[in-house]
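One chain, subunit A, appears in both complexes that follow, with subunit B as partner in the first and subunit C in the second.
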Partner chain A sequence: MTEKWDVLGHELVPDHKVLSKEETKELLKRFKIGAFQMPRIRSNDPAAMACGAKPGDIVKITRKSPTAGKVLAYRYVIEG
Partner chain B sequence: MAGVSPDTIKTEVQKLEGEVPELIMKDLQQNLTQISKDKAISREQLEKAIDAVKNAYQRATVEAGEAVGTVAAQSIGEPGTQMTLRTFHYAGVAELNVTLGLPRLIEILDARKTLSTALMVIYLKEKYSKSREKAREFAQKIEMTTVEDLALQTETDLINLIFIVTLDRTKVQRLGLTPKIIASSIANGLDLEVGIDGYKLRIKSENESMTELRRNATKVKSHLLLGVKGITRVLVKIEGTEYVVYTEGSNLADILNMPEVDQDRTVTNDIYEIEQTLGIEAARNAIINEAIKTLEEQGLDVDVRHIMLVSDMMTASGSIRQIGRHGISGEKASVLARASFETTTKHIFEACMHGESDRLSGIIENVIAGQPIPLGTGTVELVMKGGAKGGGK
Partner chain C sequence: MRIAKMIDRIDFGLMSSDDIRKMSVTKIVTADTYDEDGYPIEGGLMDLRLGVIDPGLRCRTCGAGARDCPGHFGHIEIARPVVNIGYVEDIYDCLRATCRSRTCGRILLSDEKATNIRKEIESQKKEGGRWWEISKKAIRDASAVETCPHCKEKKIKIKFEKPTSFNEGKNRLTPSDVRERLEKIPNDDLLLMGIDPLVARPEWMVLTVVPVPPVTVRPSITIESGVRSEDDMTHKLVDVIRINQRLADNIESGAPHLIVEDLWELLQYHVTTYIDNAVSGVPPARHRSGRVLRTIAQRLRGKEGRFRGNLSGKRVDFSARTVVSPDPNISINEIGLTEYVAKTLTVPVRVTEHNLEDLRNFVRRGPDAYPGANYLMSPDGKRYDLRYADREELANNLEVGYRLERHLKDGDIVLFNRQPSLHRMSIMAHEVKVLPGKTFRLNLSVCPPYNADFDGDEMNVHVPQTEEAQAEARILMKVQEQILSPRFGGPIIGGIQDHITGAYLLTKRDTKLSRDDAQQLLASARMFKDLPKPAGKEDGEEYWTGKQIYSMLFPKDLNLRFKAKICENCASCKKEDCEIDAYVSIKDGELVTGVIDARAMKALDRCEILDRIIKDYGTTAAKDYLDNATKLSIASAMKFGFTTGIDDEDIPTEAIDRINEAIDDAKEKVKKLIEVYNAGELEPLPGRSLHETLEMRIMGVLAESRDTAGSIAEKYLGLTNHAVVMARTGARGSMLNLTQMAACVGQQSVRGERISRGYKGRTLPHFKAGDLGADARGFISSSYKGGLKPLEFFFHAMGGREGLVDTAVRTAQSGYLQRRLINALQDLRVEYDGTVRDDRGYIVQFVYGEDNVDPSRSEGGKSVNVKKILSQIVGD
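Our next item is the complex of A and B:
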């Protein structure tokens, strides 16, 4: 196709961002959990691919919420 | 004494970041600024107000051990009893068939792969959305036309093993096609030999067998000539100042690749397609939107947070799982919990074969065993620290 569209631009898709090594460590410490206890996202997920996530990463998702305004959510990237 | 300035209010409220949701912070800041215009607020009063809001918010959060899942299930289940059981309804979107009420809600929660009425709302780029003609043109372009749609009649010649399609002259001409174009499309697309005889197409099968002929006949009939696969009907509607294309049938991936389409707003009601093309987070949002839309349309007021919980559960694994036997309930860790849901013997039998054990850590298992359930105040357990005399560390 002539112009490739951006998955992350769609209004249904919230902002995805890959966490750095330090941020990941800090996050797991703050929640006192292991990465495998988080909700997951597959590495071939269109939005995960668009933000360049690799299996083992943690993706930070900034959701828009009708009740809270802005909510941070995290997903652990799994092979798939 | 002069009160605090709006800037001070802003910086003080900003300190709540991370403790209180954004929406409440905004509300608080706005209200305080409003009040400070009429009446001076002292620094002390400001701090008191912010503290009061913070405390009120913390008191309102769900406590640890609260049975949110059960509350959500009941909150969705009870209004569900008041919903229409009728599947079809010509409503809202003129002339388009939409599944509503309970059947639609079940469809969403069961994460059905094929919907009874798939639907797309296609927004166009500004160049196309402002003129009726251009929107119409686009709509015609995406409507699926198969060989069968243009056929006056089809017949299978069993003696010569030929499949004959008689085309409808007016229909073919209206779409700007010719028998030649159609014949070459079939020949190239399906790799078959096509003979043209006026508006009659004779399609020969390579292997001279009946099964081959029959198989080819169905293939030829559903061969796509024009449009986008899956889009069976289109409707152009005006929405505010722009023209929007509604379609029956859905094919998000192909539609989003078209240059006329506004890729950021175009949606479908097919949650699987959204997961495939836009990802799991978009699917989560789609489940919430679709469920709320269905409930609201029936005049039922269910808090979004219940739906959010359901949607979070459905998408937690990275792909969509249905609520029920083949999804969330079927993947519970405990044998007894699974067995108490559906197909009891099957689960117990399989658990025996695989030598599964049950840690009795969930609710259902403990109800069965007649023990206090780990919920609310029952969540807390006492663990004794072993070690040398004199106790632990």
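Our next item is the complex of A and C:
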């Protein structure tokens, strides 16, 4: 069991990406919110770990949607 | 509106003993309430300083009479402290997380840890997070510590024994000991445990004074015979005072320790049940009759408690309730009210120069003549009751600026509701129509959203009183605005039952109408239009087809193509050339081919035509179409005649013979299967045991035999049969219902299996133990019409009972689920930027529903209907 399993490579796991500082600022401004008012994700979540997210980061999740094609969601990374 | 004071914030906390004494107007010392003359005793529970409830007496605190005195608190000084049952868990938390030393009393966490926790709590509070969960963790950590980090005192494990006692090792901690310890905890440490010392100190969770609520809270009632009956809370307070007195006396006289302890315990019991009479481990206090007393917690808790029963849900003015009955002649937007209701419920109207003369007449007619008015308000706020006032004089003096509470009249807007209000279509706005009779009348098409029928259902009416409320109701809540359900993006209001059969009878292929008949139909649908050109001549007489008449309902440029309900799903569709006329084609508002049935106009079904009209032509056009189409359908059903009876399920003897043959074949097959099984030669299905395999095979064979029986019967049940017309068009019932009546009922089941319980190895004593045959396990080969054999009847009752229990359980469970969902989701809303947020501004969804589509404005849940756009552009 030495081979590392690539979580993000799985079909059912949507694409996770950590936002840069500027992107984070832009996002919070766009929604007029503080980071704490966002949905959260734990830093020990397998997908969060796989994309290298640290507490305080914001993760962008790109999901497939049967109605809208592509959907963007954001998660605030918390300790956990 | 003038605001005297603005609420900035609300603190919730505990009351200290001093707070309780401060708000008290008197100490209560005697357990007696009234003297022999029925006059309240001073220092008793009905002391006149606590407020008055009997008319004539005056409150000795505020001087007001029974009507105006709000009541005032008193207090009881108890001889020994007792634990407040509402906070025992928190007392336990405080005890186990702090040092036992008399000199220390600190929380069992090092200063370093404490600062960390403090910081974490601060940051969570700023973010609006769940800071108390950190406190909970702090308490858990502290209670695991063995020695105090501040004074090195060894900890002795404290055990909490429900409901109210605490033991430290072998020693029992009395409430006095507990209180002493709680007093020691410093304010700074309290914050770590989630207690704000500004509003609560832990020792206040141990009572030394019991507040006595005002008499207005616990009024006594006098029965006609003059006997007084006291409120449950008064009874309980009497108990508290009695035991408290005995305890005090015994302490005073230096009684043995044991006796004092016992009385103390008893006092704890009475104070506990006074606060909450449903604590587990405490026998509930009872009335002399054996009835359980309703004390403080019981008044607040549960469905009929103060919160759910009186604050979240109130009884309201301007409402009416009675039985509902159908009226196919009124619009779906209307509601039939009785004159009595219209005369009792009123709308306030402002007097302006435009309506002055008109309203004068309303004043003159007064409360008894309809349409009149009940009250008149002058600009200076005076209120005239038109029952007693000089109406002629008031009418003549009527000026601009008065407000008149006028009877409801035709065209007013009211809200109509049927419980359970499960979705937003359970409350819709209707226009008033005053009709004779004593019931509320509603159009049959609005039955599905309300889930109403007329077997005795009652419904409620509410009258919006302000212009804003009326406008909102008209624009947002009117029935025509609610035709499309937000649940699936299709019409929830549409034709039902006879509307479907009527439309089918009118639009099927061979329907030909003479000029008289055609005009008669149009007139009964209130469509006063000219007939189109006749479809042709027969025996020298002009005739019109039903399709022509029905087409007159459509907008002139309606184009639509779909398959009707009666469609048999042939491998290759012949479209317009369909033998059974199941391909509906509407070209430029003309029904060219196809019949109108459930697919075209049934509520909750596809409802294609109404769906198209409402989405392309608007709600008013849809309302007009539905009103006219239902009337036309009913008129057609009456013109052509439509009836059903048990002879609709008659099938010829040869059919019965064939059915019996098929069933006998199946039973024979079952017998063979059992033989194979008994011989051990049955091949098990993957993942199934041998027995399961047998059961599945048998069920398969029997289900198939019922279907065969059904299809044999169906061959003899054609579209000339009215029951079949209803089933095939989707108006009511299914072909399965019919074949069960005509041919064979089929297998009865309990928990998805053939019936197998009852006796050892058999269902009933009429069978051999171990008999696995069709008859022994609940297969009914008879038809409902032919009649069930006694054993079959019994099996049928078993299956039927399970269905009954299931529905009962399901409604209870889904009701509770619904309540929890509503509580969880009630504060969510879609903001203007398309995000879904809760009341704190927390984002729940970044894009509403992932696609920003309102399902009630969508095409069956999708934002675009490609098929429709294509046919519009390409032309087919």
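Throughout what follows, the second predicted complex is superposed on the first by the 79 of 80 C-alpha atoms of A that agree within 3 Å, B and C clash if a C-alpha of one lies under 4 Å from a C-alpha of the other, contacts with A are read in each partner's own complex, and residues count from 1 in each chain.
The working rule: a contact is a pair of C-beta atoms (placed from the backbone, for glycine too) under 8 Å apart; a residue touches a chain by one contact, two chains touch by 3 or more.
None of the values given here were measured: they were computed from a predicted structure.
A.B. asks: Contact-wise, after the overlay, does A:75 reach subunit B, subunit C, both or neither (first, second, both, neither)?
C.D. replies: first
A.B. asks: What's your read, subunit B or subunit C touching more residues of subunit A?
C.D. replies: B
A.B. asks: What is the contact status of A:5 with respect to subunit B (first) and subunit C (second): first, second, both, or neither?
C.D. replies: first
A.B. asks: Please work out whether A:31 is in contact with subunit B alone, subunit C alone, both, or neither, and reply first, second, both or neither.
C.D. replies: second
A.B. asks: Going by the contact rule set out at the top, does A:13 touch subunit B (first), subunit C (second), both, or neither?
C.D. replies: It touches subunit B, and subunit C stays clear.
A.B. asks: Considering only the touch criterion stated at the top, classify A:39 as touching first (subunit B), second (subunit C), both, or neither.
C.D. replies: In the superposition, A:39 contacts both subunit B and subunit C.
A.B. asks: Now for A:67: first (subunit B), second (subunit C), both, or neither, which partner does it touch?
C.D. replies: It touches subunit B and subunit C both.
A.B. asks: List the residues of subunit A that touch subunit B in one complex and subunit C in the other.
C.D. replies: Residues 39, 63, 65, 67-68, 71, which sit in both footprints.
A.B. asks: Which positions of subunit C touch subunit A when the two form their complex?
C.D. replies: Residues in contact with subunit A: 127-129, 833, 835, 837, 840-844, 846-847, 849-853, 861-863.
A.B. asks: Provide the residue numbers of subunit A that touch subunit B in the complex, in ascending order.
C.D. replies: Those in contact with subunit B are residues 1-3, 5-7, 9-14, 16, 39-42, 45-48, 61, 63, 65-71, 75, 78, 80.
A.B. asks: Tell me, which parts of subunit A touch subunit C in their complex?
C.D. replies: Residue positions touching the partner: 31, 33-34, 36-39, 63, 65, 67-68, 71-74.
A.B. asks: Of all residues in subunit B, which touch subunit A in the complex?
C.D. replies: Subunit B residues touching subunit A: 21-26, 256-257, 259, 263-265, 267, 274, 276-282, 285-286, 289, 304-305, 308, 312, 315-319.
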